[in-house]
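Heads up: the structure comes next, in structure tokens.
Just so it is clear, A, B, C and D label the chains in written order, and each chain counts residues from 1 on its own.
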Amino acid sequence: MTIRAVVWNEFLHERHDEAVRAIYPDGIHQTIARALAEDAGISVSTATLDQAEHGLEQARLDETDVLLWWGHRAHGDVSDAVVRRVQQRVAEGMGLIVLHSGHFSKIFKALMGSPCSLRWREAGERERVWAVNPLHPIARGVGPCIELANGEMYGEPFVVPEPLETVFISWFEGGEVFRSGLTYQRGAGRIFYFSPGHETYPIYHDPQIRTVLRNAVRWAHNPAAAWKDVAVAPNVPVSAARETIVQRGASLHKAGEAGFR
Amino acid sequence: MTIRAVVWNEFLHERHDEAVRAIYPDGIHQTIARALAEDAGISVSTATLDQAEHGLEQARLDETDVLLWWGHRAHGDVSDAVVRRVQQRVAEGMGLIVLHSGHFSKIFKALMGSPCSLRWREAGERERVWAVNPLHPIARGVGPCIELANGEMYGEPFVVPEPLETVFISWFEGGEVFRSGLTYQRGAGRIFYFSPGHETYPIYHDPQIRTVLRNAVRWAHNPAAAWKDVAVAPNVPVSAARETIVQRGASLHKAGEAGFR
Amino acid sequence: MTIRAVVWNEFLHERHDEAVRAIYPDGIHQTIARALAEDAGISVSTATLDQAEHGLEQARLDETDVLLWWGHRAHGDVSDAVVRRVQQRVAEGMGLIVLHSGHFSKIFKALMGSPCSLRWREAGERERVWAVNPLHPIARGVGPCIELANGEMYGEPFVVPEPLETVFISWFEGGEVFRSGLTYQRGAGRIFYFSPGHETYPIYHDPQIRTVLRNAVRWAHNPAAAWKDVAVAPNVPVSAARETIVQRGASLHKAGEAGFR
Amino acid sequence: MTIRAVVWNEFLHERHDEAVRAIYPDGIHQTIARALAEDAGISVSTATLDQAEHGLEQARLDETDVLLWWGHRAHGDVSDAVVRRVQQRVAEGMGLIVLHSGHFSKIFKALMGSPCSLRWREAGERERVWAVNPLHPIARGVGPCIELANGEMYGEPFVVPEPLETVFISWFEGGEVFRSGLTYQRGAGRIFYFSPGHETYPIYHDPQIRTVLRNAVRWAHNPAAAWKDVAVAPNVPVSAARETIVQRGASLHKAGEAGFR
């Protein structure tokens, strides 16, 4: 079964900043897309902020198995309607991989329910991404750690919920640490946050980072049919109860009536 | 140290439905407040939907240690600004106890990042709330289970994130089960969801239920000073790094500049 | 890649109790093995208590991807050496599926570090196994619940660590609930505990139960090479540190010396 | 309510190594005990390996609320009977704080069910213990991090189960990271592993480290009465079922018979 991945990028730095364009001439999304395409089991396309509905219209999301998200300076420009749509699709079973500065994206904050804040420094310092769960499906093939000659420091506290699993923790030359790979589940959807990926360093060209991205897409893929009514709270009438029961007590609802939302 | 608890109630059923008023003549919030007041270490007040800012103005929330939330038919009438304010206070360290139909409140959905949907039936059937972690601080003193002669059935799947801890699971006469007591953490704040509490049954008059409520207030209380800047992502300049480092590589930011949000 | 599964059974009830033999004429392990063999991607064999080293010699375990464990009356007869060997293989990456009364097996208690106690009743009562995480890989294809006409009641509190995920919760006719499907991770190995399966009821003939078993084998399979030295704590000498450092301070160890265990 | 803490130490390095004695003249346990005694709500005593039953006879453990454990070179000399006794007491509700090289103690490995292995280097390098959950009860009052001029490097992967909460992560000068503060629960007992504390450095004299130890004792304290029968699996006869049921189906057990173990 081919996994249908979509790489979303706000695609602004690459057009406005020469330093970024030098590293990602056709956009971070294209570099990531090529990394994913090295796995013949992944079929990949891209979407960007400037497209209609940011390239994430309902029909397309319905045919997306895993969405990757890179955003930074334009989080506020992402439409709330699209964010709600993506959040619903995650609950239905779509995988989501949030990258780097996406920690402050509307979609990640909405899914975490937490500020998702952190400390940061852009000094081109060494970062070393350690696998704390090295045989986790997302870390396989990476070895004990990933050495990045230049990383943007992201430092703890990273104000997110306790994860399902901590997969990676980063060491920074300037003295900080950061939980750089975390897994979550929301409804039927799996979420992986992965912090490496600053726009002024060639991190998405790193072979180990690219392995993590491919692994993460496979891990996040839920092959089950979409859970379309995941957000609905259906009434189970007395007549449909699995055990025979008799209606008792007062009730505000009439038979068959929908609940309050 | 006295714990300052506020019981919030939308306070509509009790004014519009005779059956509810018979059980909670001055409102569910007052019954819960009296339960909490049995603990001399808890100082309790109430707030309702119809008050200005729903009784949850910033100054009051700043002096609230633990907020309890009961809402049902008017979730949509709660102001988004108040919801954001409560969510920020939870991240800062305020405890939050979400009760029964509050599973669909704006604040709970915002904190969970998940649909919070479930199955339901209002048949007055027997509910038995089992302590799966019986010596957890929230379950202490309750014994193996709480027998409720009449409960509203809430059934799995309950579409919430994997909890930190499952404290209670309910059995229903009609054949369903439900994770009726779950703990979460968001920033410095602790959250407890507790499902018993339907408005047409006298559940908040039950002595064991009242013990759980008091326990939960104590558990949710974080005595630390509020983490006011929990949502801020400060830059740590090279000069302030804990290890001596030298600026390297390209940068989009100028020294001292704030990050994007 | 074919998954190599081994179904282990103490294989005593079937030889000594006519009621059990009537349901599992050639042993519970053979019935489970046939369930797994319906998945062409699983290659399955069996092992029993009465074999040399209980059929679990080192060479065989080294070629086992997922082990299933059914034991009841002879937990104490399982060799401690074999238990240690299985525990080491789980840490290396072998999956383990512990069934029903295996909650009190030496291997499950060793992996959980907890008493693994529960309440029980053998009354042939109805059991309903609800999927609380219905699109989890282990629950896929099962639907909302599994109806068992006769189940042995296992009741909470089930004294195990908080699981990674709660996949199933059972309802019992006599009034109890039980977390009947739980996931854990130990080292590189995944563990699934699944409680249905009493020897005097035909539970492993149930099509949905058989689907869960196949799902669980696929979920528990870690295709990575075995983490052979998972239990070793290697010294990283100063000369091999990834950052240049200088030896400082007092030391009890000489260079290259192994640590204490 | 005064919390009764016992600090256990193998007490060998301090008697055999001058370098250690210079830092801990009367033993690491006495230094830790004095740290705890600064909290008037903690009543503290000590126990050592060379005492009868290592100072942990049943009657004493029964009156211990929280046990702290420091061991290193003599893990193998600790009696298995004492380890089982401590493990049972943890399940009953006694708190346990495992320090530094105690990661390889029999009791910690028994409770984790995992190898508890790690990487290490004794180079006196800088260690910085970051609070990732800074308002957690164990981290309160410590600030963003603890700076240790000399630490023994403990590096990931640390092969333990996913914790309930990650409270601290350490940065090391030589380039590694380590989850240095982790919480677990086993039965009614809370467990905290805290890695700083090498015998040749004065770490337990550090004021912030001492704050963590006091915090941890308060956090680990379960004031409930001991859960004496936590490991027992009682039968619930049909006559005692909370719902009326009728015995059905075959059974291997006679009425009132104990289950297999």
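In the analysis below, contacts are C-beta pairs under 8 Å (C-beta built on N, C-alpha and C of every residue); 3 or more make two chains touch, one makes a residue touch a chain.
Computed from a prediction, not measured in an experiment: that's the story for all the values here.
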Worksheet item: Where each step is a move between two chains that touch, what is the least number of such steps from chain A to chain C?
Response: 1
Item to complete: Please name the chain that ends up farthest from chain D once chain centres are defined by their CA atoms averaged.
Response: A
Item to complete: Report the inter-chain centroid distance for chain A and chain D in whole angstrom, where each centroid is the mean of the CA atoms.
Response: 36
Worksheet item: Just how far, in Å, is the C-alpha centre of chain D from the one of chain B?
Response: 31
Worksheet item: Quick one: chain A and chain B, Cα centre-to-centre, how many Å?
Response: 26
Worksheet item: When you check chain A against every other chain, which residues touch at least two of them?
Response: 128, 133-134, 155, 162, 164-165, 173, 175-176, 185, 187, 242-243
Item to complete: Please give the residue numbers of chain A that touch chain B in the complex, ascending.
Response: 13, 17, 19-20, 72-76, 87-88, 91, 101, 104, 110-115, 117-125, 150, 153, 155, 159, 161-162, 164, 173-176, 184-187, 199-201, 230-238, 241-243, 245-253, 259-261
Worksheet item: For chain A, which residues are in contact with chain D within the complex?
Response: 128, 130-134, 144, 155-158, 162, 164-166, 169-172, 175-177, 179
Worksheet item: Which chain A residues qualify as touching chain C in the complex?
Response: 93, 126, 128, 133-135, 140, 145, 147, 164-165, 173, 185, 187-188, 222-224, 227, 242-243
